[in-house]
Every structure is written in C-alpha cells, then in structure tokens.
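So that you can tell them apart, the chains are marked A, B, C and D in the order they are listed, and the count of residues begins at 1 in each.
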Amino acid sequence: MDGFSFSTEIRVRFAETDAQGIAHHAAFVVFLEVARVAYLEAYAGGYQAIRDTGIEALTTEVHVKYHQAAYFDERLTVWTRCTDLRGARFRYEYRIEREGELVVEGHTSHATVDRETYRPTRVPAWLADAIARAEAPAA
Amino acid sequence: MDGFSFSTEIRVRFAETDAQGIAHHAAFVVFLEVARVAYLEAYAGGYQAIRDTGIEALTTEVHVKYHQAAYFDERLTVWTRCTDLRGARFRYEYRIEREGELVVEGHTSHATVDRETYRPTRVPAWLADAIARAEAPAA
Amino acid sequence: MDGFSFSTEIRVRFAETDAQGIAHHAAFVVFLEVARVAYLEAYAGGYQAIRDTGIEALTTEVHVKYHQAAYFDERLTVWTRCTDLRGARFRYEYRIEREGELVVEGHTSHATVDRETYRPTRVPAWLADAIARAEAPAA
Amino acid sequence: MDGFSFSTEIRVRFAETDAQGIAHHAAFVVFLEVARVAYLEAYAGGYQAIRDTGIEALTTEVHVKYHQAAYFDERLTVWTRCTDLRGARFRYEYRIEREGELVVEGHTSHATVDRETYRPTRVPAWLADAIARAEAPAA
C-alpha cells in the first residue's frame, strides 16, 4: 500500500458479526488495536514491553470510515502507520483492505501517560526512535 | 444538555474494562449504538420495528473523542441527537457525561439500505417525520 | 422464580447479536457477570466496594445451557442466587427468562484472591454475612 | 496433546483484558469458537461452507474451567477435538495451554438446524465423515 510499510492480517470471527450478517462496526475499532500491537511488536519490542517501563498509551480519538461491509471468516489486511509523534502524543493511520479493495479507513490518536499517576509523560526516546526508523521513507 | 433533548443511561460493565483499569475505548462505540436504539425506541417505535419494514441502517462512520477515562460500574449519561437526515443518510451526535463532566464526544453517520439487496433506500417518511418532531426546537 | 429471590433485567444489544440473527452465546456469559454485579450492589454494597478492600473475585468455572435463542432488543430477566460460600470460594446459579420462558440456565464458580498477590483469601466475614442474609429462606 | 490431534493459536488482545489485568473469562468462550472455526477449516472446508448449505450450528452448552489466568499478548494453544457426533448433535472438547501449562479446559455442545426454519436437521453425511476421519485414531 502506497505510504504504508506495515500490515497485519485479521480474520473476522463469528462473534464479531451481527444480525445484519456483517462484521459489527465496533469490531473494527478492536482490529485497529490489534494492528497497533502488531506494529509495536514488529518495530519496538512489543506493547507489553512499553507497558513494563511504566507507561500506558491511552486512546484519545478514534475515527473510522466504513466503505464496504466485511463478512464472517474474511481475511482483512490492516495497513498501519504511526505519524505525528510529538511529546506525549502520536497518531496512527489505517487502511483495511480485502484482496486490494478498500473496506475501512481510520485513524486514532494516543497519549502516553505514567502508569501510576495517569499524568502525560513523553514517549520515551528509544520508542520515538524506533517509530521514526520504521516510518523513514525508503531511500 | 444544551442542544440535546434525549439521553440514556449506561453502566460500565466489568467485561468492558481493560488492563488499564478503565472502560476500553471500543466499548464506547457500543454505548453510542445503545443510545441510538434507545432514541429510536423513544421517538420512532424502536429499531426492530424499522428493521421489520425491510430496512437496515448501516454505520458508515464513527468518530469518538475521549476526554476522560471511565471506570467500572460508573453511570454515564449519553446525550444523543439525530441530525442531517437527508435521503438515505443521517447522522447522530453524542456527548457522554459523568455527573455533568464531559467524558466522550462523538458522532456517527448512517445509511439506510434495503435488507435484501443492501442497496441504499430513502429513510421512510414516517421515520424522517418522527425524527424531525423529536429534534424540533422547543417553542 | 422458585428458589431465587433476586433478578435483574438485561436488554439484548445489537452488538451482542451475531450473523445467526440471535444473541451470541458468549454474550450470556457477560449477562451473568452483569447479574452478579447487580446482586452485589443490592446486598453487599457493590462489587467495586469489595475490590476496594483489596480483594478480587476470579471466575473459575462457567457453565451455560442454552434452551432458547434470544433476539435483539429483547428484555431478559436474569434470576441469580449465590450458593456454597465457603472459605475463598462461592458459586452463583442463574436462570435467564423471557416473559417467564426459560432461555438459559447457568452457574459460575468463583474464588476470592488478594489483589496484589493473587493468593486465595477468605471471603470477608461481612460479605459472607451479607450473602447469607440475602439467601436466607423467608420465614 | 494426548487425545487431541488439532490445535490452533490465539493471541490475547488488549480489548480482551479486564480491570483485573487478565484476559476476561468471557473471551475464552470466543477463543473456543475461533478454534472450532479453525478445526472446520482444517477438516471440513470451513464453517462458512457449511452455512452455505443452509445449516447453522447452534451452541447449546458451554462449560469452561479456568485453571490459570492468561495475560495480554500471550500466545495460547487451543487443543480441540470433535466428539459424540450423532444425528443433529455434536460436542467439542478443548484444552487451552500456554507453553504446555494448562490454562483452561472446556467443552461445548452444538445442534445443527435448518437455516430457515431453525428446526433440528442431521449433520450432513459428508461433514460427519470428515469429522470421523479427523478424529480417527492414528493406526
């Protein structure tokens, strides 16, 4: 996908469908989280490792635009990139596709906080660096 | 709430919390749906009645902004209004509050489709009228 | 309900339905938890109050028998009783009904643990007493 | 695993954790379903293919015994076997392990029904045969 260098695969679970016979729209919000976790595993040692340093990443905004319905057992590709990392804030952008067809677009915003105080705390330098490397344009 | 004439109450379930100790952000997307269902029950005979006429309302967009975390067992008030009903499309706006404090703002967009063909179909006149009456400014 | 003195009401959410057009079977496991929370609120000051004393109640067993399907927006009555409280262990039994018709039977087992160490810890006497009073046969 | 010839892998999602810091007990009921779907894909052409023949498999009973908690991002192995297939009824048994340690045991019961009438209908011979072959003891 143009502009995205990372993707992960999702399979629609039966429990994620609804009485319209499609994947429920709230399930996609979970798919985005699964993609962030996979992204952090690929580039930054995993989300749990970040949590273990005493930081939580809160979700401060979710935006999802649904272009097509998805159905039980379909394989979806979640293209994911991390952008606008600054201080204690960062943003992810997503495109979910099914065999190259756009199903969902979205973005989420996040803030890192101290796990004990829930006060904003800067994204650690090692994590910011890891993301910068992951998102650096290929030469 | 200024500009909202309808609200419904939500209680945060334990299953809706996450390992951050707060209500998971995806749970709020479900809360908005619960509020729409309550709204349609109050003003338009219920969502199931609408489905029974052969129409499904798809969710085409979700936007949620999280201002505060919510916690297990808290009572939240979901202020809800329906706006911009036109043809086969309409929009809901929400403010979720806890004891008057803003927790979440959001809006969702929807399209009505024929239940069999999934083709767009106008919101029936009776439903558009019911919503117009519900949202009419008090004299 | 014979043998049950407590019940709470559940309304099936659209997000809880699945592509079979019915409430997904896992949703009922959450309904049982909602009923336990309501039970503890009615008789023992609420589950959060118990958690605040440094105790967590783990679920160690779930059994659900599905007699009828339930559908979107239906109101279900969850009859609930707490039994076999002994040491760090207790059990709940449930009957979920729709207008007097049996939909689901179930029981769950639980163990109280210390919130920090996750070691088993006896149910506090005040809580055991509150439950004993709640379940005492009417004279 | 002794007595099991099929397993699938699950990764605990953050959305599946709860405020106890562990995977919520209801999430495991979904994991069992994911395992059934993977089983049917491996041995019987997939659950959707079965649904496409006009049959739905209802879940009539769920039993889960929790031996250990599971945590965010852990990889779990869900050992799965189908047993007691007779007429319109069958049963699955499960052992969920983490690195060889037992986390959860469970079983579920199911009934096949006609998709239109919801009347019980025998498991089709081709599916019964496929399962019999899958579960045949290795010579």
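Heads up, the rule we're going with is that a contact is a pair of C-beta atoms (placed from the backbone, for glycine too) under 8 Å apart; a residue touches a chain by one contact, two chains touch by 3 or more.
Everything quoted here is computed from the prediction, not taken from an experiment.
Chains that touch both chain C and chain D are the following: A, B.
Set against the C-alpha centre of chain A, every other chain centre is closer than that of C.
Taking the mean of the C-alpha atoms as each chain's centre, chain B and chain C sit 28 Å apart.
The geometric centre of chain A is 24 Å away from that of chain B, both derived from CA atoms. Here the CA centre of chain A is 34 Å from the CA centre of chain C.
Touching of two or more other chains is recorded for residues 14-15, 26, 30, 33, 72 of chain B.
Remark: chain A residues 20, 25-26, 29-30, 33, 56, 58-66, 69, 118 touch chain B in the complex. Of all the residues in chain D, the ones that touch chain A in their complex are 13-15, 30, 33-34, 37, 46-48, 51, 72-73.
The residues of chain D lying in touch with chain B in their complex are 14-15, 17-19, 21-22, 24, 26, 71-72.
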